[in-house]
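Please go over the structures that come below.
Presented sequentially are two complexes of chain A, the first with chain B as partner and the second with chain C.
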Partner chain A sequence: MKHLLRRSLDYLLVTTLALLFLAPVVMMLVGSLKPDQRVLVEAGSLAAFIPGEASLQNYADVFARSDFLRFLLNSLLITGTIVATGLLVNSLAAYAFARLQWRGRDLLFNLVLALMILPLEAIAVPLFYQVALLGLRDTYTAQILPFIANAFAIYLFYSFFIGLPRELEEAARLDGASTLRIFFSIIVPNSKPVFASVAILTFLMWWGSYLWPLMVTIGPAVRPLPVAIASFYTLPPLQWGDILAFGVMMVSPALLIFLLFQRWFVRGVAASAIKG
Partner chain B sequence: MRRFRDQNSVALLMAAPALLGLTLFVLLPFLLALALSFTNLRLGSPLPLEFVGLEQYRRIFTDPAFLHALGNNLLFAAVVVPLQTALALGLALLLNRGLKGTVLFRTLFFMPVVFPMSLVAVVWVLIFAPGPDGMLNAFLDQLSFGHWQPRDFLRDRQLALPAIMLLSIWQGAGFQMVILLAGLQAIPCELDEAAALDGAGRWQRFRHITLPQLRNPLIFVMLVTTILAFRLFDQVQIMTRGGPDYATTTVMYETVQALFTRQEVARASAMTVVFFLLVLAVTLLQRRLLKQEREVS
Partner chain C sequence: MAGIVFDKVGKSFDGERVIDSMELTVADGELLVLVGPSGCGKSTVLRMVAGLESVTEGTIRIGGRIVNDLPPQQRNVAMVFQNYALYPHMTVRQNLAFPLKMKKLAGAEIDRRVAETAAMLDLTPLLERRPKALSGGQRQRVAMGRAIIRDADIFLMDEPLSNLDAKLRGQIRTDIAALQARLGITTLYVTHDQTEAMTLGQRVAVMRKGRLQQVAPPHALYTSPANIFVAGFIGSPGMNILRATLEQEDDERFLRLDGQRLPLTRTVIERHHGLADHTGRELLVGIRPEHLALTDSAGHGTLTVAAHAAESLGHETIVHVDGEVETVTPDAPELARTTEAQTRLITVLPGHHPISRGEILHLRPEPDRLHLFDPSGNTLA
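For the complex of A and B:
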């Protein structure tokens, strides 16, 4: 009896907390389907969570009032390029650190580990100065190139590669396969989990990135979604339905990737906890 | 020997693109920030570039806006780190009790983490809407049986920073929870069972078994959250612009202000260095705490 009571209390508690966590998300989704003037009026009642007569008008308005498609493509291009090239560049470097013998290796690896503690904020100002000097403001290059090489990604790859059994490579090496060949035909196919984790972590990190694109973009041409929603939100007249519809469309790709690859994502997050 | 030399060049070739990128876009800017912080550099200024020693540091540490910012970051860390960690630990403990639907609940609590902060900020502006119809105002009204006076959270000097803390906790707790949950699941069940057989109560087992076993994940999530507190920018820039009256300004917000409204590259660089030293201090503290642990065990 006591056990049953405790169980019920657990369920009650976890459900209440889940509802509180979910409320802003549901409010956003429901509000995006409502006529603009009702969003604010009904925010204080349970009607905030009930669409009533739902319509996609706000979504149409977003496309009419802003260049949403361009921002979406900008975000996809910037994030996609950082993820794809980053996977290649950082995994190659990590393999060289984890498995090859070369002069200067340990020194350079320690340097990479040291750079890991520098968040973007610690270098944003001088990096902006560099970009401005090179005349690269308001370009895709300024939003992609500096972030391909990533110390933390190298570290994650390194920790995975170091744990792979050496026998995998030995046989191929005896057959005379080159180092690059071994990497691409043996190491990469055996390391899918770490590639997935790094890809998802990198994607989400740059998909939501705000500070840097706010600093380097000037007009809407190369502007990504996070900066675009902030300026759409200040675009008069204030129409909350449109803003929420913008938000729903903006978070959907990230949410989809998270739901599909949750397993690897959680593993990546847990792996990040082991460092230090 | 030939083999070794071959490997030398192949390895360098493999590592070169990443090393080049890190050198040009992380190491160089970092050194540049240090160097520029000792100058008077200002974009478009007619004055010649000069070495001014610690002048920029003297200026920022006598600038009330920057001191407010530093205080706000510290206050944010002091409130958010314990609250968010406690909430995340509570959630992780709840989800570790073998309830049905644990995976679903874990997904729900984690979901805000994948929301871009700029979107979260915009949505919470609506939640904090002033007047009795505002979502949070109405909710607090219900909760207090009609005793709540509607507030304009984001324009209230006392409430603006707590409001930003609240949405930051909402967005960040799931991240901590996932790590703590992984930590809980790594604790061998036998430990807990043995203690239960010896007659230890729930609280005793939590205090003497669970908490010590969770030491490393707890240190990790608390220090990551502390660093996040120092990085605070997106929410402030979108929701309050540092106001009202410096109540929500932060080191990063002041840095960007110095850079963009006044083109003061040198001053912004000095603020960057201060930011870096804060992050470095937190990181060294983490290393030290984790090392102690290794020495003890």
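For the complex of A and C:
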């Protein structure tokens, strides 16, 4: 009986928390399907979660009033490039730290670890000067290049690689494989979980990135979604339904990717954490 | 084909010496077993031959060529690891083909050699399986296959049987010996298991704390151990080592073990030429447990002991006894007398003997099979 009560309380707590986290997302989704007049009126009541007569008009409005597709493609290009090149660069760096012997390795690795505690906001201004000096303002390059190498990604890869049995690499070496060959033929195929978690974390980190793109973009040409939604807010007339529809379309790719790779993601983070 | 020559090979890790001036030659086509307790440096020796560890001093030659500075892939050695190190994401076929792919052999040639090796090791039905779908014995065979398929000059085996159960170990041990004899490839085999060493090796090298103690055919290690470490390590249970004094009365030489008196036979005296110099001095005498026989009564040349524990294995009974003697642990480095003298001996009696604790037994060492060592533990020449 006591056990049952305990279990019920646990479920109650978990359900409440889940509802709290879900509420804004559901409200955004439901609101995006409602005519604009109802969105604000019903926002303070339970009606905010009931679509009533749903329509996709707000979505059509977003496409009519802004260059949504372009922003979406910009975001996909920027985030996709950071993720893809980041996986390569950071995993190779982590492998060099975890397995290769070279002078100054430990010192450099500690420096990389120290970088993890440095937030972007702290270096945004000097970084901006650098980008401006190089004439890279308002380019994709300015939004991609500074974020390919990532200390946290290196740390996650490192923690995973250090736990892989060394004999696998030694066997491959005796079989005649070079270091790069060992990396691509032996290490990478056996490190799928950590590649998945780094990919998802990097994607989420840069998909929602706002401050830096705001600083370096000038016009809409290379602007990503987070900056675009901010200017969409200020685009008269103020249409809450449209803004929510914009939000839904912006969040969906990130949500989709997370749901698709969630299993690997959890395994990867667990493995990195335990072995680290 | 090639032999391996170690010429004054030394290895240090962070200033700590783990291999000391090793001199050893493994003949072309020989299977030499390197045996010793854990931490004695035997795996380090293997890894130095493979090129996975650097050599601090001296030279290693494979087939006459100094390999100290050659990377592993240029030494043409194949290694079987303790945990097999099969590539988990590849099928058995891909595991076998990997070294050949690295050699950039043609696809048809790779297929032919994979099929041939798989047939030799009964792996053909398993070719499309991943390592995790294989049993321990099957994994072991794949690891062997990956070594064989390369046509390597040297096989290195690092405790390849230690992850298998006892029954399988015995069977695969025989398979490895047969395969090595058939292929005639020079093999350096590392193990901590003296049974494995004795049954597999054409010669066995016993190591302790980074130093070779003795290199000899298995039977010679058993009959003529170079020192008390080898005497204690080879044989199961290991040899009993007792403190004794060599005495002489008229023409008779005998050993005095506290109150007991063990006469020395002509055979023993002839085997240990330098014995006369030790008259009146302390010696160490080694008696193998299987060379202590049970007799009915005390008398000349018997030891009277009290049973401490008896383990019956059916075909034999291992009896731990305490006697009025002082024994020495073969691994005690400096043989310093401990404050509390040890008195424990072990004997192996054929057949089943229901012996109870505290029972008084009379043991008679086979007089011709005593081994004599000087006080520092080396056999008396």
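Note that in this section the second predicted complex is superposed on the first by the 244 of 276 C-alpha atoms of A that agree within 3 Å, B and C clash if a C-alpha of one lies under 4 Å from a C-alpha of the other, contacts with A are read in each partner's own complex, and residues count from 1 in each chain.
Please note the rule applied: a contact is a pair of C-beta atoms (placed from the backbone, for glycine too) under 8 Å apart; a residue touches a chain by one contact, two chains touch by 3 or more.
Since the model is a prediction, treat every value here as computed from it, not as a measurement.
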*Taking chain A as the common reference for superposition, should the pair chain B and chain C be classed as clashing or as fitting?*
fit
*Just chain B (first), just chain C (second), both, or neither: which does A:Arg181 touch?*
second
*Considering only touches as defined above, state whether A:Pro189 meets chain B (first), chain C (second), both or neither.*
second
_By the touch definition at the top of the document, which applies to A:Leu4: first (chain B), second (chain C), both, or neither?_
neither
*Which chain, chain B or chain C, is in touch with more residues of chain A?*
B
*Look at A:Ile218 in the shared chain and tell me whether it touches chain B only, chain C only, both, or neither; answer first, second, both or neither.*
neither
*Examine A:Ala172 and indicate which partner it touches, taking first as chain B and second as chain C; both and neither are also allowed.*
second
*Closest pair of CA atoms, one in chain B and one in chain C, after superposing: how far apart in Å?*
5
*Overlap of the chain B and chain C footprints on chain A, residue-wise?*
178
*Can you check the complex and tell me which residues of chain C touch chain A?*
50-52, 71-73, 77-79, 81-83, 85, 87-89, 98-99, 102-103, 146, 150
_Using the touch definition from the top, list the residues of chain A that touch chain B in their complex._
7, 10-11, 13-14, 17-18, 21-22, 24-25, 27-28, 31, 39-45, 48, 89-90, 92-93, 95-97, 100-103, 105, 108, 111-112, 115, 117-119, 121-130, 132, 145-149, 151, 154, 178-180, 183, 204, 207-211, 214-215, 225-227, 229-230, 233, 240, 243-244, 247, 250-251, 254-255, 257-259, 262, 266, 269-270, 273, 276
*Residues of chain A touching chain C in their complex?*
165, 167-168, 170-178, 181, 185-186, 189-190
*Can you name the residues of chain B that touch chain A in the complex?*
4, 7-8, 10-12, 14-15, 17-22, 24-30, 32-33, 36, 43, 91, 94-95, 97, 99, 105, 107-112, 114-127, 129, 132-135, 137-139, 170, 174-175, 178-179, 182-183, 217, 220-221, 227, 230-231, 233-234, 237-238, 252, 255-256, 259-260, 265, 268-269, 271-272, 275-276, 279-280, 283, 286-287, 290
